[in-house]
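What follows is a single structure, written as structure tokens, with notes after it.
The first chain written gets the first letter, and so on, giving A, B, C and D; residue counts start at 1 in each chain.
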Amino acid sequence: MLSLKLTGIHLKNPLMLAAGIMGTTGGSMKRIAQSGAGGLVTKSIGVEPKSGHGNPSMVEVDCGYLNAMGLPNPSYKNFQQEIDTAKESGVPVIASIFGGCALDFSQIAGAIHADAFELNVSCPHAHGYGAEIGTAPALVEDITHVVKNVADVPVWVKLTPNVTNIKSIGLAAQKGGADAVVAINTVRAMAIDIDSGYPILGNRFGGLSGRAIKPVAIKCVYDLYEALDIPVIGVGGISDWKDAIEFIMAGAQAVEIGSAIGNNINVFNEISSGMEKFLSEKEWDLEDIYGMAHRL
Amino acid sequence: MKPVNAEITEVVSETPTIRTFFFDRSFGSEPGQFVMAWIRGVDEIPMALSYNNAITVQKVGSATSALFELDKGDSIGIRGPLGKGFDRKPGHILLIAGGVGAAPLAPLAENAASDGIKVTTLLGARTKEELVFKKRFERAGDVIIATDDGSEGIKGYVTQLIDNTEYFSQIYCCGPEIMMKKVLDKILPSKAQFSLHRYIKCGLGICGACCMDGLRVCMDGPVFSGEALKKSEFGIYRRNECGERVKV
Amino acid sequence: MLSLKLTGIHLKNPLMLAAGIMGTTGGSMKRIAQSGAGGLVTKSIGVEPKSGHGNPSMVEVDCGYLNAMGLPNPSYKNFQQEIDTAKESGVPVIASIFGGCALDFSQIAGAIHADAFELNVSCPHAHGYGAEIGTAPALVEDITHVVKNVADVPVWVKLTPNVTNIKSIGLAAQKGGADAVVAINTVRAMAIDIDSGYPILGNRFGGLSGRAIKPVAIKCVYDLYEALDIPVIGVGGISDWKDAIEFIMAGAQAVEIGSAIGNNINVFNEISSGMEKFLSEKEWDLEDIYGMAHRL
Amino acid sequence: MKPVNAEITEVVSETPTIRTFFFDRSFGSEPGQFVMAWIRGVDEIPMALSYNNAITVQKVGSATSALFELDKGDSIGIRGPLGKGFDRKPGHILLIAGGVGAAPLAPLAENAASDGIKVTTLLGARTKEELVFKKRFERAGDVIIATDDGSEGIKGYVTQLIDNTEYFSQIYCCGPEIMMKKVLDKILPSKAQFSLHRYIKCGLGICGACCMDGLRVCMDGPVFSGEALKKSEFGIYRRNECGERVKV
């Protein structure tokens, strides 16, 4: 009852592993598949191996987590074997990729085999640009377009919420040919250790994830659903089945789950059975609740 | 949780390269759990709790060297206790400690002994001066020693001492991975527990940096049963900071 | 030990009531002063009386609150008496004002007497503009400039975090002559009632406040401190003395407290005594910790 | 808390303009606490709990009219219980209820009576048909009635019935503010508690919309002692949705 076709990919349920969470090794992704995920998004993979920012790279805050991993990854040259291992689980594997320019993205997408690509346009090191790539509509459109040209699988574009107007970025992705958008990446944030005055993260600041950002993500999904013709995939702060339902009502066709896995590796199974119970009690199916908030 | 401030109350030199740092607070953990020790401005690194209120550190690189610069009155940030510690079994247990791997095993030895569990320890190090917590293990039971250079105990590796393991109700092991792998190959996996070292980033079971096959060393471990490790990549390869496979 | 001069105004401590919280009546502001606040910012006051959005206008979410009050206010024509009552407490009263254009702002600032003005440039109904005023640097500069011309008291500009680059907005305020900036207003967000599919707020979406947004606010304050020469006043998710210290270390010269008052009307007294205890234990004073995170 | 879903299990017509809506769940509150009743797509309005699982509503405007359109099986959202209820005192208590002000007082009467507290109620309404919860008050103790048109009990206002208040250990009052103000002026303020109506927006003690001088009706109230009200704006002016002062 939870299965769906998302940009042409069959998912047994609309619950996927979010990028950057237990997604660096084939073994860890397989484990998440075994605990009920309908799809697996890998760690974001770049052109060269990268060790990321120094520790502390993640810390728990009041209502979520703050992280600045710095995109550690073994590079696409070492990653196909991990995807292949993950694929043994029988669940679709979506390769998250990042780069500093369109060329980086197309180089990776041209070399990697996966069921779809998720473009992480939140890389802060855009070649020749000061800010994140994902804040400039023209760049997002260009990168999407270039990847669409080399990829023969669906291309999703993952958006940052740290912009004045997320709709304009979503529209740029759509214009570039994206098959779906994913919202949201982490929210720019910071924490300071008051005993010493030091910023806690090695990178000084980072991105907020977890419960704290759910209402922010819901609003982004809601806005993107209104603005776009392509599907929206929701992510941000989902930790139980109610959260997943809320995202779908806001207009997400499927969702991704990240931080919640830390304390509950079984979160996928729990959410899918919770959703099934809720939907059958209400005598609704996924289609009924998809975008429901817009119709009321 | 955020890091809490831990002030160093005492620094004890255990060996020329290993020191124990005592703090003004306890992290009330079960033996085998660890903390993330944040040397501010430098790095945050995983360290087993060698006492409720102390870590025992081998100087190997930048963060541990920075830690060695600190003294009584200085403080660091601590997140923890993290992970799952040793599963304590009754009977007569065998501890196998290699080098600074003695850190999580010493409190286990004390804990077990004080509850009437018989403890035998195989303690190994490069040389006599590098033996860690010999006295603590001796107070808890029998100790058999091996040094690479034969300066104390048997000359050779601690793994050579392993014999008659059927005799023990459980085996607890911590040390370099190659050594632990040798132990695993010599004993009944279901009867042994190993405390692993893997590259730790988040320590929260989220980022996946520490994953060994599907297991998260920071959250599902660092202590794993031999059975869980038997058919894994344990002893074969590990992941570096980038997630690349690196031979052990 | 906590007293300071902020844009020329003497405060007995750096803890002020945030705009929109118990700030519509003189009586309620007086009560907050009695419970230890060093300064009082009023509800944002506009040109005409306004009843605001329909209820539900506020709801508690996982780690904070979501609100869309819709700026209900009695208009500046009915407000001087409330300020005067609040002033009886002996604590500085800062009039928060809003409008749809520079003219609105100057009209109000020219008529109201207060110890300072806080310009709420987050009004979503900018005359002739689609988005919030506070997202357009040129408008922020213009409004600040116009108010500075009519006001003979300090002018603070309150910034929205819902922008790609808050520094550019802060710089615009500074260029317009602002004496300080205040960061942050609420974070754009939404919640949906899964039992019915309805957006919970009468206005469908609103702004997130409370614990959830503290790390976001800390980052904004940190960035503004780096970019600006004028003081930054921090607000967002402060609920205990540690939070207040964290803001000051991030670069806030003073802070404002809003949502936390709901469950703890005594929060000002508790925070000021907590701060005093902490500072004396550490043998620090306010100056020592002000912006400390930038020096480490 | 977010609104919870409350399904209407029964609608009871109390008077031509007042209905009680029973729900499939209780809001386990002390008498005098209230909830925010969200009629989805319309408005969210404050309502006293007239039973643990019910509200009793007078149709006065758009939201209450929308509520009157709902029936068994329909549902609304409920946030609550909110605020502070009546402070129960032993002895012989007097309840003074005007119109739908009977709603929070009826559970108080029942509660008190079942604990052996003596209860006398002065119940007032415009006319006989508009008397609310007469039977519930009668089961709890003596009831004296006043109607504006004299169709039952004494003709006139309930306030005219107030006499010998020294005799009662505590007085509890809820009704139109003018009536409550009259009560306040007639009795010893320290011996009386009043349940107030003010414009409620957040219901969380944050926005300040409900403030009466420094008091937050939604959080510090809705029940206040007469003493707290004595030197306040109570009975003089209230605030409308904009925060403007409006004569009571």
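As a convention for this text, a residue touches a chain if its C-beta (ideal position, glycine included) is under 8 Å from a C-beta of that chain, and two chains touch if they have at least 3 such contacts.
From a predicted model like this one, the values you see are computed outputs, not experimental measurements.
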| item | value |
| --- | --- |
| Chain whose mean Cα position lies farthest from chain A | D |
| Inter-chain centre distance, chain A versus chain D - centres from mean C-alpha coordinates, in Å | 50 |
| Whole-Å separation of chain centres (CA-atom averages), chain C against chain D | 36 |
| Centroid spacing, where centroids are CA-atom means, of chain B and chain D in whole angstrom | 65 |
| Residues of chain C whose C-beta touches two or more other chains | 61, 191, 196, 198, 296 |
| Chain D: positions in contact with at least two other chains | 40-41 |
| Touch-based graph of the chains, sorted into line, ring, star, complete or other | line |
| Chain-to-chain touches, reported pairwise for every pair that qualifies | A-B, A-C, C-D |
| Touching residues on chain C, where the partner in the complex is chain D | 20-25, 27-28, 30-31, 34, 43, 49-52, 54-61, 65, 67, 69, 72-75, 78, 191, 193, 195-196, 198, 200, 202, 258-259, 261-263, 265 |
| Parts of chain C lying in touch with chain A, wherever the complex brings them together | 61-64, 66, 131, 135, 162-165, 187-192, 194, 196-199, 205, 208, 211-216, 218-219, 222, 237, 242, 245-246, 249-250, 278, 289, 292-293, 295-296 |
| Complex interface listing, chain B residues touching chain A | 1-3, 5, 36, 38, 40-41, 43-45, 75, 77, 79, 201-209, 211-216, 219, 233, 239-245 |
